[in-house]
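In what follows, a single structure is set out as structure tokens and then discussed.
Labels A, B and C are assigned to the chains in the order they are written; within every chain, residues are numbered from 1.
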């Protein structure tokens, strides 16, 4: 079972992507999508050494909804900053310590930080313990780090690596 | 009303194109120019989607999807070239 | 009613696209310029795509969810390319308004960047 179907979640995702791509839900396309979703992870297995475990699916759903809301708010903030006075911006680099360990959780955190409140994740240090974040307009760095940690990192930690 | 909205949107996206082109021309450093190209392809997706609504034709999505795929690959390749001086190692 | 909603979505999307490019053109240094296109333009195109999805699904020619694919793809790739671009800028040591943190040089030797770790979701 483990060797024949190494990543069940990826199989489902790939099948859904295939159905969206061909834009139909005919039975033949569903079968073809499932076959592709089964075959692609099997043949690219060396790229996915760790298996994904979602421990709390509802927390993931809540996280996604919160991030979508934050994206809209962040965009209004960035639009206000761009239309305002560029000289008054207070850009800063902030080094944020990471508590996450797994690849997927770190990359999800980096993506979330890029899409939300006026921040772009710039670089992950080699030892994977810090993430360099660039912000557009910050007065208090400590407050920003605390906000990012409580709002995004803690939920991700609960979802992917509870211990 | 929808037609007016689409026409105004066309004007805004065209202005966005002009601004990105300006950055592409003057942009002092290489990453600036790559960023301008990145913005240009996303603007092109917006323009194609608007054109699809304007002409009520769903054919333009294939083009938008292809631009989204190829533009991302292009940006990543250019960035890797800047980082390593080589694309395929 | 639907027309009104569609017009609102289209205008908001186009406005955000424009604001993203405006940020690209007028902000002072590379790292601040990065914010405009990654956020505003992505949301702008996203809302245009939602508008187009609504438009084609309500014309009574069957359901089409193509646009969701482009939206999903843009929302995954925009942060990845922003991350890579800022990495390239850090590598080239571009002029920045904000001082670069010194701790980074301690952790990471110059010219040795950790590629490909956060870029594949």
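One rule holds for everything that comes next: a residue touches a chain if its C-beta (ideal position, glycine included) is under 8 Å from a C-beta of that chain, and two chains touch if they have at least 3 such contacts.
Owing to the predicted nature of the structure, the values given are computational and were not obtained by experimental measurement.
Path length between subunit A and subunit B in the chain contact graph, taken as the least number of steps between touching chains: 2. Here the chain at the heart of the structure, going by C-alpha means, is C.
Per-chain Cα centroids separate subunit A from subunit B by 23 Å.
Centre-to-centre, using mean CA coordinates, subunit A is 14 Å away from subunit C. Multi-chain contact residues of subunit C (touching two or more other chains): 22, 34, 36, 42, 64, 66, 69, 78, 80, 87, 113, 119.
Contact residues of subunit C toward subunit B in the complex are 3-4, 6-7, 10-11, 13-15, 17-18, 20-22, 24-25, 30, 33-34, 36-37, 41-42, 44-45, 48-49, 51-52, 55-56, 59, 64, 66-67, 69-70, 73-74, 77-78, 80-81, 84-85, 87-89, 91-92, 94, 113, 115, 119.
The part of subunit A that touches subunit C in the complex is made up of residues 17, 20-21, 23, 71-72, 74-75, 78-79, 82-83, 86-87, 89, 91-95, 103-104, 106-108, 110-111, 113-115, 118, 120-128, 130, 132, 134, 136. Residues 1-2, 4-6, 8-10, 12-13, 15-17, 19-20, 22-23, 29-32, 34-36, 38-39, 42-43, 45-46, 49-50, 52-53, 56, 58, 61, 64-65, 68-69, 72, 75-76, 79-80, 82-84 of subunit B are the ones touching subunit C in the complex. In the complex of the two chains, the subunit C residues touching subunit A come out as 16, 19, 22-23, 26-29, 31-32, 34-36, 38-40, 42-43, 64-66, 68-69, 75-76, 78-80, 82-83, 86-87, 90, 96-101, 103-104, 107-108, 112-114, 117-121.
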